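Shared between the two complexes below is chain A, which pairs with chain B and chain C, respectively.
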Partner chain A sequence: MSAGAVIVGGHLLLALAASVLPLQSVVAQDSNAILQGASGAHWLGTDSLGRDVLSRTLHGGQPSIGVALVAVLLAAVLGFGLGTFAALVGGWLDDAIMRVVDVLLAMPSLLVLMLVASFIGREPVVLVATLALMYAPPIARVVRGASGNVLTRDFILAARLRGASRRAIVVGEVLPNIAEVFITEVAMQFTWILLAFSSLSFLGLGTSPPTAEWGLMISDARGFITVSPLPLLAPVAMLASLVLGVNALVDRRAQAALP
Partner chain B sequence: MTDIALQLDRFSVGVSPFDAAHLGAVEPQLILRDLSLVVPAGTRLGIVGESGSGKSTLLRAWIGAIGHGLFVSNGTALTAGHNLFSLADDDRRQLLGSTVAMVPQSVAMSLTPHLSVAQHFAEVLGQDTDRTSQLLDEVGLNGAQLRRRFAHELSGGQQQRVLIALGLARDPHIVLLDEPTSALDVGVVHDILTMIAEAQHRRGFTLVCVSHDLSVIDRVADRVVVMQRGEIVEDASREQMNRRPSHSYTAELLAAAPTLGIRHVGADRGTAIDRVVPAPIVRAEALSVVRSSSRHRLGRANAASATTAVDTLTLEVFSGEILGVIGESGSGKSTLLKTICGLLPPTGGTVQWADGFDLATPVERRPIDMLRRIQMVFQNPDDSLNPAHSVRRLIDPTARRSWSRFGGGLKAAHDETLRELLNTVGLAPEMLERRGAKLSGGEKQRVAIARALAMKPELLLLDEVTSALDVTVQAGVLATLLDIHRRLATTMVFVSHDIAVVASIADRIAVLRNGRLVEVDVTNEMLSRPRDPYTARLIELARRTTAD
Partner chain C sequence: MTAYLLRRLAISLGVFTVMSVLVFLGVEALPGDACTALLGRSATATKLAQCRGANGLNASVSHRLIDWASGLLRGDLGFSIKRGKSVVDIVLPRLRNSLALATVASLMAFPLAIVVGVWSARRKGTRVARAVDTVSLVLMTMPEFVTASVLWLLFAVWLPLLPGVTMVSSNASLLEILPNIWLPAITLALVVFAHVMRSMRASFLVTEERPFVEAARARGIAERVVVRRHILPAALPAPINVIAVTAAWLLTGTFVVEVVFNFPGLGRIAVDAISDRDTALILALTLFGLVVFIASSFVSDAVTRALDPRMRAQVAS
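Showing the complex of A and B:
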């Protein structure tokens, strides 16, 4: 098993296990013990409100990973659908779809997310939908390019001569040949969505206090870094290691796929 | 200059251990094994072998560049007395071009499309326009006119000539040619080989020419080296080899190359010919197909620049026959096949099935019964077999049944049926579970034929199905096709640029040129009495390349 798989698997396991592990309360404040270092009672110390950093860090993965996973799955479906559809129909419709994709790509996604969070709402459903919409275009572009190449090949003609439907061509002939780039792109977009969601929380527009969430925790703790670095470092380490882990995993997959 | 131009001394090349591990090989694999060879200055050597025999690697050893992932495991290769692998980069660069020049294989990729011909020469000669024109004239091009053209505006033959002229630019003593004619039409091949022979005669350089085609080597070399799996199996003068090859592999190569007038495969064709009914299974009348060179996917096209690929063609395919169609590239032969099977829409005239069904109907709108009747095998099996699928998945017409319009029409194919199918095309039943991408070129093409046969077609369209194959493999596939024809009486249309190949399999031959029918006649009739001068020239060129 590769290092990437271990890291990513560990993250998923921790996020799931956080709810059942005998951790301290995420929200319980102890005004007698604020910004303490690591100790037997609080393994990673406490934050500025005296909350247990270990518990908050482990729980903090749940909203981030959850939102990012759901959003990236939606983005993958949307991107794959758009990309293959555009490649399949060709002509002006292809151009029209890809220009819309270009426009979406040109928009700074964080800005759009902030506007949506400010004016439409900060409910998870809204954020997930917006994230999916903003991160589907790069997937659509990659899928469009890769499947365009596959569609020009003779085995597509052979499939048509055998009476294959459009769906059979997309799923049976095209998908197996672009799976590698598709999965890689989706995994990369997962890390971007994760960072975008955390950034949003950091800016106070994602999850609301007192929820434990990495971006929010970093935002809360950054003022006290000189007093106690642990409340800041713990979520940063988690976020960074997850992004690195996904990258390593994808890299490994890509290398294994080389002839 | 030494008397020995090129030399190999117990020369071996292996796959680097790292890459070998990547390929899953346990022992380091040798691409070239212990080769020793001496090429005296001023002589003409031909190296012939099938793909994978190591002939290109051998040629590249003499310019000190054997390719990524390979290393010299033993011995030396000397070029005009120098070992190019041990020279410093600057010294090596000095030798390349002036002492030894190599003309690379892939014509289309060796010139930069956005540079003019003159700019290509400027990289070698500086701004010497007189010399450039002179060189272009020498290779049979109009230098003054062609200098300003961009590389992408040239035809394949012109590009090949420009590449040779570039090779000759610095008056090399040694010229290495890698497959100089592999992608060219037969008429162009003839002219270029003549030009090469003349240039060698005039300049007296040492010539080494690599080809998979014995007839090409025959034209430009006095001495022939035959390679097989990284070893030299024969080294003889041209006359000696043609008369009495000492190695069985050479004899096999010579026998496998189809020659005009002699039936090499399927000698007993009587039964098949008896079955030809002069009732047309497909009838095309004044058929025209205009192709737009625009983005074209799944039947949709938008007109941009258009060419008339098939021009008022009237032709009948008789039930039970093998109709050969020959023509040079651009003659419209592939377009004709794709129109018959509904992949391209005709723009004029009619094309009908025996029962009057209009074959202008695109494949997506044909009834299932009609779809089944016409199947096609494509030129390059690497392109026509989905590399992601197993052989079973490739040939089973009921795979993914729910998504195919054949859904209810066919019962799930049993393993027995599929094995029988593989047997028909000469493959072992164990192949069923193999990945299509892992097969050899010949095996892949057989799988492609099996895939078409799985539909139980009445008409099999074969588009240059043997041109991507080595000559011995080609002979095997042709024999299989004849066997299928004899057993199943499937009507076939066999398209090729090679008249010798077509003549060895077809009952009748149609000659196409620029989308028009030149003539159509029974094979032997056409070979002995061609009515059109164009046909006569094709036959004469084919005879000359094999009979010289």
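Showing the complex of A and C:
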């Protein structure tokens, strides 16, 4: 197992386990113990409202990882569908789809996200749908390119002559042949979605307080950094290690995919 | 070349006109308007009607579009009801600050990125080159508020060398702003450095494999001359395109970094404007982003053409 897989696996496990581990409350405030350093009662100290930093840090991955996972799965399905459809039909429809994809790609995603969160709403459903729409185009483009190559090969012609349906060709012939490229691209987009969502929370337009979320925690902790750096450093370390882990994993997969 | 530039300029103007109308309609389509945002929870039907009447929001969309467009031609970007100020007065001082920030970050990042890119391409495979590669990848993928927070902790709190949070107002003199530029500029420089450096290195490595480089080396031309006169002119267009895109981002995408350091630029006012739904201001800022985006692709195309002898020849013939 690569280091990347260990880090990412560990993060997923921690995010799941945070709900069952005997941790202190995420929201309980203790006005007698604000901004304390590490101690037996609070292993990573407390934040500016006297909340347990360890518990908040471990729970803090749940919103971003959850939103990013659902959004990237939707984006992957959408991107794969659009990409293979465009490659299969070809012609003007193919061109039209890819031009729309190009326009969506040129949009500044954080700006669009902020506008949606502020004007339409910051409910998880709205944000997940927006993220999926914003991050499907790059996946569609990669899938379109890769499946376009596969579709010109002889075994596709053979499948067509066998009388295989379009669906059978896409699922049985195209998907296995572009799987490596596709999965790598989806993993890359997962980190971008994760970063976009935590940036949004950092800017005060994503997760609402008092939910524990890394971007929001970092934003809250900034004002008290001179008193206690732990409430800032703990979520910074978690977010940084998760991003690095996914990148290490993607890098390895990309290298393994090379002939 | 002049004919090409003129044609390209005409296309840019056309794109701008079409896109700015789309942006206007897009902001128009957002739920709520300036009056619902201004009145908030205290909004009643009569108060809303009064506010809309006073600010000319009852006119039809096409009417207001024409109003807005003709104002734009006269250099009038509208009036922010929320802030009780003309949009130009809000945007101009912050535009100056953002320009200063982007300039400092560019000067820190771009020349160094080109040099390090070439350097690491020529030392491909060595341990130092691989270390530089890893560090740049980390910087590229880290969220800006993480990089910014770490830098802040290091250079403003633990080693109090630089001011962490800007305390001066947006229209303070540049001299007062300058000390506050360093930390946000370093953060931005680190992010864009990695992008440009990696593109320079990749482009250099690809160009080095081409036959004309081998031919130049076979003729016994000194390596320094091969790098300067043969590889670089062919390898530079790719990183220059990246520079154009990242320079545009430095002017329009710096929301997070400006918020971290409380820097009084366009990014922070954009976050504020979006948070309190100040549509007049959002419209002006989006339009500015559009201008920067179109200008950067124009400049990058022009520079690429000017650099590449083959493209120059094509235009001449």
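Definition applied: the second predicted complex is superposed on the first by the 255 of 259 C-alpha atoms of A that agree within 3 Å, B and C clash if a C-alpha of one lies under 4 Å from a C-alpha of the other, contacts with A are read in each partner's own complex, and residues count from 1 in each chain.
Following the convention adopted for this analysis, a contact is a pair of C-beta atoms (placed from the backbone, for glycine too) under 8 Å apart; a residue touches a chain by one contact, two chains touch by 3 or more.
Keep in mind that this is a model prediction, so the values were computed, not measured.
Engineer: Under the stated touch criterion, which partner chain does A:R162 make contact with: chain B (first), chain C (second), both, or neither?
Structural biologist: first
Engineer: A:L232 in the overlay: touching chain B, chain C, both, or neither? Say first, second, both or neither.
Structural biologist: second
Engineer: Where does A:L203 make contact in the superposed view: on chain B (first), on chain C (second), on both, or on neither?
Structural biologist: A:L203 sits against chain C, while chain B stays out of touch.
Engineer: Do chain B and chain C touch any of the same residues on chain A, and if so, which?
Structural biologist: none
Engineer: With touch defined as at the start, can you tell me which chain C residues reach chain A in the complex?
Structural biologist: Those in contact with chain A are residues 30-32, 137-138, 141-146, 149-150, 152-153, 157, 252-253, 255-256, 259-260, 270-271, 274-275, 277, 282, 286, 289, 293.
Engineer: Give the list of chain A residues in touch with chain B in this complex.
Structural biologist: Going by the criterion above, the answer is residues 87-92, 94, 151-169, 171-173, 176-177, 179, 258.
Engineer: Which part of chain A faces chain C closely enough to touch in the complex?
Structural biologist: 106, 108, 110-111, 114-115, 118-120, 191, 195, 198-199, 202-205, 215, 218-219, 222, 225-226, 229, 232-233, 236, 239-240, 243-244, 247, 251
Engineer: For chain B, which residues are in contact with chain A within the complex?
Structural biologist: Where chain B meets chain A, its residues are 22, 295-298, 300, 302, 338, 341-343, 363-364, 368, 371, 374-376, 378-380, 383-389, 397, 399-400, 403-406, 448, 451, 455.
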